[in-house]
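Look for chain A in each of the two complexes below; its partner is chain B in the first and chain C in the second.
Here is the complex of A and B:
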């Protein structure tokens, strides 16, 4: 009787297991303090970057980062500060991809996460912004 | 003791659940990653609902898909 009871419990738990693991496997964790901090830092910086996306000075690269696309649209005095903004933004973006991968206990997912972000940055970019197409050439959205 | 007969059950349960987690999570959850990316990008770029129309419908569908 005792054995039958424990077998029954085990059976019920085993049957419900796939449901629990499914829900777990299908989610991506993005609510960690490190990710929130990176998001805030990037959101703040975006105020300074937005006009440069629109002017075409900066473009979205194919590897989930940003780059100086055409320095000629900037006055000479602005080029250095904009370059510094780009470097800081790319540092945050690289850290973000790495953080998401490790927050999900899969550091090796970093490449997949970067590829996903690269696509989504470009998909959500406003029209008139520049991005790097698959062949590496700059294209205007 | 009543608990003794439960031990083998719990041991196998633990080992099975561990392997289940590993096998399921090996595959990159592309749909979930896309949703997560959209959420972060919308926050960073402060996109309004008006600017991301069309995205919502796509997202709700991926929720119901019986992936693996």
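Here is the complex of A and C:
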């Protein structure tokens, strides 16, 4: 429970951090009702994802998304539901990056905002979580 | 060739054996290399020793078959028998590379032309190989009893995506027979129990799988063809094959075919899917590339709920259809000929589709949708009812014209609540793998009361109707080309530059410029329980942007319409406007009049709100300083005129959007107004 709680706090911290982007002047802290809704959706889902980050089933990808890294650690019947969780999380993340760019009146900044988030997700990941290094290979933090 | 080599080596051994036959003598044989196109063997060492040369030691440094290599292969026999007609080994053990030794026996009877080899890795497990031959005919049989599937691993290529068995039990036999021209018949009957397999990443894996495999093929030397038939039944167990998961058995594949030099013909193919139905297929593949040339696939009365849940939904996870429930039955037939799609026919029987997030639903859909590559067709689609974005739709029959990759509906009248949506000239086409569509039409009067109830928003009265100019959908954007006109609150609303981006996406975006003219304030204020105001207003709402149906930006400007009409405002309305404006107030000099009169006169109403970053920056008709001395900060919202007159001044310039909404809710829900 404590683990879950600390993961949630981590996520909240990350989502509320002011981040610097390559797109000079982008306000990643910007909030709109749609961004708030997406963040809430991700925070709610994080409780279900945290144990899979820790087990190594799911890893953080280099493009600010998540992916199934090693399905072997999951019972067979859980692999498809975890796939569905990953797909839903990635839909939210893609929408979040796009919404932040749009709220800054620069939809074309989406790529830079995604890259910044990707770096932050990895830098704030807990020890033992897996992430995709610059060369595309999986690495354990 | 291999058989000839073996016999040659055995003859050498026999000869050596005869020449040195004596108690406790020893005979050795060494061969450095044997090369063939199929295999290579290095460092062969054989020796016979013991009483009457009854102990055999046979070692091979390396055996390479194709890309597979075994090193340090050892065979030892404690009871080796060698006569002019018989070679036998009992109590033998074989070591393959570093694996545990396996018990082995073999007997070669040159009198009866029989070779039998039996390997018993464990007491209950047996892999028995027999070979019978004569001058014209030979027959191999591999009989497996409780064979462990894990032994197969070493024969499989070492690939990341190759599923390899972790456990499982095999029973059955494989028979291969032929003549001097080669193999004439192959047959396998196998029962596999408790099979577990997985690739390296666990994306193609199975557990507790029980299945039967019956496969046979016969060679016809007359036309040099193989005729084969197969039957695979998956009886039980779980299989995850990214992204699909099947938790139960009840699946089977039956197929017959012909393999010739140029083609592979698939005939009488049948796939049975548990709780879904049966699919029949046939086809032709061209060799050597195995390219599909012809294919016919058809299925009748498939159970669509399980078909969608088990097979289609996993592939639609990132689309608007991922949260759709489907019930009903469907049939289809697909014909692919000479490398091209030729026809596809889809029939739906009492099918209902409903999105769990209530974005769309269509109930009791019956349809016959034919598509032909080289001719136009007409589909017949009937829908009993439905809803789009919670707006209910009535029964409709869709006369869909299909011409290759273009769809047309010349005219369609779609019941919407108590009104109708007339669609005309609907055209949809596929360009660069994306669908584009467009139409124009008309909305015939729809009750606002019913519409607002369906949309679960503040109830309004009156009707909505209007002309719909060209509407198009390109690159996930619905755009209205022209001005959308509709009537509401006895006034006219025009919508320009309307764009709806990803309407069924996670965060739909709407952009539009609205202009409302001559709205009846009496109707409007009664609708919203705002107190009563008589008069008419115009409202401009430029640059309106909604994200996820929530406003993120607009420039709103409300002002009294030009013209002559009664201009009265009730005490409750004055108080509510004051509350809406936050720390606003009725001009101090007039505040004391409030309690004496139920109604006041005004000459003009004006209010502005520029929404940016969740903050509404407000303004009014003019600065309050023009009307009232010493009022340097306020702005006039209601300008008095007539008797008794009242002026309302707002002081709050910036209000959080959510705070403004909360104030509106408090007011329109009939709570006591708050005067600050």
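Annotations
Operating definition for what follows: the second predicted complex is superposed on the first by the 112 of 141 C-alpha atoms of A that agree within 3 Å, B and C clash if a C-alpha of one lies under 4 Å from a C-alpha of the other, contacts with A are read in each partner's own complex, and residues count from 1 in each chain.
Here is the rule we go by: a contact is a pair of C-beta atoms (placed from the backbone, for glycine too) under 8 Å apart; a residue touches a chain by one contact, two chains touch by 3 or more.
Model, not experiment: these values are computed from the prediction.
Once the two complexes are laid over each other on the shared chain, residue contacts for A:30 go to chain B and to chain C alike. Within the superposed three-chain model, A:120 lies in touch with chain B and out of touch with chain C [touch as defined at top].
By the touch criterion stated above, A:90 is placed in contact with chain C alone, chain B being left untouched. By the document's definition of touching, neither partner reaches A:140: not chain B, not chain C.
In the superposition on chain A, chain A positions 30 are in contact with chain B in one complex as well as with chain C in the other. Residues 30-34, 37-38, 68-74, 76-77, 79-80, 83-84, 87-88, 90-92, 95, 98-99, 102-103 of chain A touch chain C in their complex. Those residues of chain B whose C-beta lies close enough to touch chain A in the complex are 2, 5-6, 9, 12-13, 16-17, 20-21, 24-25, 27-47, 51-52, 55, 67-68. The part of chain C that touches chain A in the complex is made up of residues 198, 201-203, 205-207, 238-240, 242-245, 247, 314, 317-318, 322, 505-507, 509, 547-548, 550, 552, 613-614. The part of chain A that touches chain B in the complex is made up of residues 2-3, 6-7, 9-10, 13-14, 17-18, 21-22, 24-28, 30, 35, 39, 42-43, 46, 96, 100, 105-106, 109, 112-113, 116-117, 119-121, 124, 126.
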